[in-house]
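A short worksheet on the structure shown next.
Think of it as A, B and C in the order they're written, each chain with its own count starting at 1.
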Amino acid sequence: MRTRPHWLLYLYCVYLLVPIYWLINLSLRDNADILGSLSALPSDPSFANYLEIFSNPVWSSGFINSLSYVAINTVISLLVALPAAYAFSRYRFVGDRHLFFWLLSNRMAPPAVFLLPFFQLYSAIGLFDTHLAVALAHCLFTVPLAVWILEGFMASIPRSLDEMARIDGHSRSFFFFRIFLPAIRGGIGVTVFFCFMFSWVELLLARTLTGSSAKPIVVVMTRTVSASGVDWGVLAAAGVLTILPGLAVVYFVRNHLVRGFALGRV
Amino acid sequence: MAELLLSNLSHSYPGAGAPTLSGLNLRIASGEAHALLGSSGAGKSTLLNLLSGLLPASPGQLLLGGQDLADQLPSSRGVAQVFQFPVLYEAMSVLGNLAFPLRVMGMSRRDCRARARQMAEQLEIDHLLERRPTRLGLFEKQLVAIGKALVRPDLSLVLLDEPLTAAEPARKWRLRHTLKSLQRESGATMIYVTHDQTEALTFADRISVMHEGGILQTGSPEQLINAPTHEHVGYFVGTPGMNFLDARIESNVCLVGDVPFGSLVVSPGVCRIGFRPEWAKLAGAPAQTHSGSDWIIAADVISQRVLGTHRGVPFGLVDATVAGARIVTRQPLDEVPSGRAQLHLDTVRAFRQGWVVDA
Amino acid sequence: MRDNRAWLGVLPVLLIVAFSAVIPLMTVVNYSVQDIFDANTRIFVGLDWYRETLRDPRLQSALLRQILFSSLILALEIPLGILVAKSLPRAGRSVGLWLVLLAIPLLIPWNVVGTIWQLFARPDIGLLGATLQNLGFDYNYTAGTLDAWLTLLAMDVWHWTSLVALLAFAGLTAIPDAYYQAARLDGASRWQIFRHVELPRLTSVLTIAVLLRLMDSFMIYTEPFVLTGGGPGNSTTFLSQYLTSMAVGQFDLGPAAAFSVLYFLVVLLLCWLFYTSVMRNRDAH
C-alpha cells in the first residue's frame, strides 16, 4: 500500500500551485512594476494592493455582501434540507422517488436558463439587489445538493438508532437534535462545504440579481477588468482574498470530505 | 516437494513496541497439513504474510524446499493464499478467475481453460464457470477463491487464513473435507490459520499453538490434548479447556489449600496443577477420610449441564469449586451428588511459570 | 417504513424549490411560445421560436463546440484524475493536507479561476504566456483560436481534475487490502492490478465523475467569459454564453426562452441517465 506520494503527485501540485503563486506574486507588486518587467520574485514586495482593497468601500462591501448571501444560503439550505433528507432516508411515501429525481434535476439545471425569469421574479416582488435574492436563487442549486448529500449520510446510519431512542423513551425532538444530528455531523460539514462551494464561486446569477447595494466581490472584480486601464495588482490581490474563505472551509471539513465523496454524494 | 523451515524468525512492525513475532522455530514436512492455532493478536497473520512475502523479510531464516524465501518475489515463491473473506476479480467470470494465475504464468489459453475446468470439477463448482462472482453466494465465492489459490501447478505451499469464517457450520464440514482431499491429491503443504480449535484439530496433522508472538507447542492433536507443555495450550485446546489449581509441593506431596491432594515427584515449591475435565470425576463423599496420596480432594458441586447420553447414562459437564477455585469435569451424571462431593483425578500435570514440570 | 406524513418533512424544500424553480420555468415556457414587443403587446407564435432556434447556425456551431469541449475535457480529466488519485498516499497524516491542497481549485470563485489564468497566460504579464513567447512560440490566446482552446482546456483541467481525483481516491480507499495481496500472489502486474482489481471497483464513482463533469461542462460560462470572452471571434462561445448574450445582451426573449427550454431538456436527459445509473449501483449493493 502506498504510504508516500508518487512523484506524479508533486508534478500535479506544481501545476496546481504555479498559477496561484503567480497570482500572489502579482498581488504584491504595483501596476507599473507588473507591466514593466517579468520576474519570478517581486523585487519590492508591498501590501499596497491589499491596503487599497481594505480601504476602498466598494471592495470591502463586496466581500461583506458575498459572505452575507453565502451565509444566508447555507443556513436556509441546511434548515430545509435536514427534515427532507430525513424523510427520504427513513420513510417511503407517495411519489418519493419521482420527487427525489425532480429535486436532483434542479442541481443539473443550467443557471443561464433561469437568468431572465429570476430577474423578473425578484424585481416583481421587490427583492432585486438584496442578499436574500441571491441566497434564494442559489438555493435552487444548493438545496437539492444538500438533500442529496445529507440523505446519503443519513442512510448510512442504521435505523436501529431511531428505534433504540424510541424504546428509551426520548422525545422526537430530543432524538433529532441530541442523537441524530451529532451522528451525522460529518455530513453536515460536507453539506456546508458544498453549499459554500456553489454559492461562493457562482457569478452569473449573483451578477444578474444585484445592482449597486448588494454587489458581490466576484462582480466587483469583473467590473474592474472591463474598466479602462486595469489595475492588475489590485485584481490579483482581490483574487488572493477570495481564495482564503474557501481554504478555511475545506480545512475544517477535510476529514469528512473523503467519506462524503465515497458515498458518491457530491 | 518442499519442506518448510523457519529458524529464529522474528518480526516487528515499525513503530510498534514489542515484536509481533520473536524467535520462531518450526519445521513443517512436505505435504503436511499444519494448523496455526491462537487467539487474535497471537501473530498468526503476521507469520502468514511473512511466508507469502507480503511483509518484507525479517531477522531469521525462511527456507522452502531448501531455498531461502527472503530474496524471492511473492509471485515466484509458489505460495498461494486464501483469505478470510472471498477475494476475487469481480469483473471476470469464475472461469476467468480460476485461469488468471495461470495466464500470468504464461500458460497457453487452452491449457489454462483445461486446468481451470479440472479445478472447478474437483471443487464441484463446474456449473458456475460462466457466472460472475458478484452473483454467487458467500460460500460459493470462497470455493472459487480456494480454487484460484490451488490452481497453479507449481504450488508448494498453500496458506489458508481462517477461510471458513464466512461459512455456515454444516458447509464447513464439507469444505474442510474437500480441502483435505485436495491437499492429499496435490501433495502441497498447507498451513491453516484459525482461532477455532475444532477446525484445527479436525484439519491438521500437526498443530502449532501460538501465543503473544511465539509458538508454545507443536504437536499432533493427541499430543496437545494429552501432554500440553504450557498452561495456555492446556487451556486453549479442548472443550472446555484444562482446569488449574494453585498448589504447593512439600516432600513430594502436592498440597492444595494446605490439604494434601496426591503424591507428585517434583522439587518443592509453589506450582499450578492442571487436569483436563475428562481426567476428573466428582463423586459422593464416603464417611472415612482419604490418605492424601491418591488424588482425591473435597469439592462443592455447583451445577451440571447435560451434553448427551453415553450407554444410556446421562453425560455432561459438572461445575464445582475446590479450595475456592472453579473447576469443570466431564463425566457421567448419574452418580454426581449435589453439594458436598469428592474430586477424583486420573492424571495430573504440574506447571511452573506457565511451562510443564517433568515428573 | 411507509408513512405519508413524511411529506411534512419534504414540504419546506418543495416550497422553496417551487418558488425558485417552478415559477421561473413556467415563465420561460410562456415566453417561448410568444412574440413579445412590450409589456402589453404579445402574439402567440406556437413552436415558431423552437423551429427558428433549431435552425440557427450560430446555435448549431455553439452546440458543436460545446460537444467538442465537453468530450475533450472528459478525455483529459478522467484519466488524469485517476492517475492523481493513485499517486496519493493511502494512509498517514499527510493525506488530509494533500486533500486540502487538491480541493483548492474547487473553492475558488469561477471568475477568479478565469482571472488567475488570464494573469498567468497573458503574453505580456503572465508567467506562462511570456515564457512561451520568450521560447519563440507565437502564443497569444486572445488572437489564436488554437491557443485560446489550449488555454481554456488547461484551465478547465486545472479547475476540475481535483474533483475526479477526490472521487477516485474515495473509491480506491474503499478497496480492502486483501484484494491487492491476492493479486500480488497471483503475480499480477501493476497494470493488471489496475485493470482487474481497481477499475471494476471504481466504476460507480467514475460514473458519477463522468456525469458530473459532463453536465457541469455543458453549463460552463464564467471561466471562458473572463478568460476569452468567447473569442477570438466566436471560437470559444459555448451554449450558456450564447444564451446569455441572447437573453441579456439582445433581449430576444422568445428565442432565448425556446433555447432555454431545449437546453434544459438536454441537461435533464443527462441527469436522468445519471440518476438511474447511480440508483442501479446503489440497489446492487
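What we mean here is this: a residue touches a chain if its C-beta (ideal position, glycine included) is under 8 Å from a C-beta of that chain, and two chains touch if they have at least 3 such contacts.
Keep in mind the model is a prediction, meaning the values are calculated, not measured.
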Reaching chain B from chain A through chains that touch each other, fewest steps: 2
Interface with more contacting C-beta pairs, comparing A-C to B-C: A-C
Distance from the mean Cα position of chain C to that of chain B, given in whole angstrom: 58
Geometric centre distance via CA averages, chain C-chain A, whole Å: 16
Of all residues in chain C, those that touch chain B in their complex: 176, 178-179, 181-182, 184-189, 192, 196-197, 199-201, 284
Chain B residues touching chain C - in the complex, by the definition given at the top: 49, 52-54, 74-76, 79-81, 83-85, 87, 89-92, 100-101, 104-105, 134, 145, 148
Chain A to chain C touching residues, read off their complex: 1-9, 12-13, 15-20, 22-23, 26, 34-35, 38, 40, 76, 79-81, 83-84, 86-88, 90-94, 96, 99, 101, 103-118, 120-121, 136-137, 139-140, 143-144, 147, 196-197, 200-204, 208, 217-218, 221-222, 225, 232, 235-236, 239, 242-243, 245-247, 249-251, 254-255, 257-259, 261-262, 264, 266
Interfacial residue positions of chain C with respect to chain A in the complex: 1-10, 12-14, 16-17, 19-21, 23-25, 27-28, 31, 80, 83-84, 86-92, 94, 96-112, 115-117, 119-120, 124-128, 130, 158, 161-163, 166-167, 169-171, 173-174, 177, 180, 204-205, 208, 212, 215, 218-219, 221-222, 226, 239-240, 243-244, 247-248, 253, 256-257, 260, 263-264, 267-268, 270-272, 274-275, 278, 281
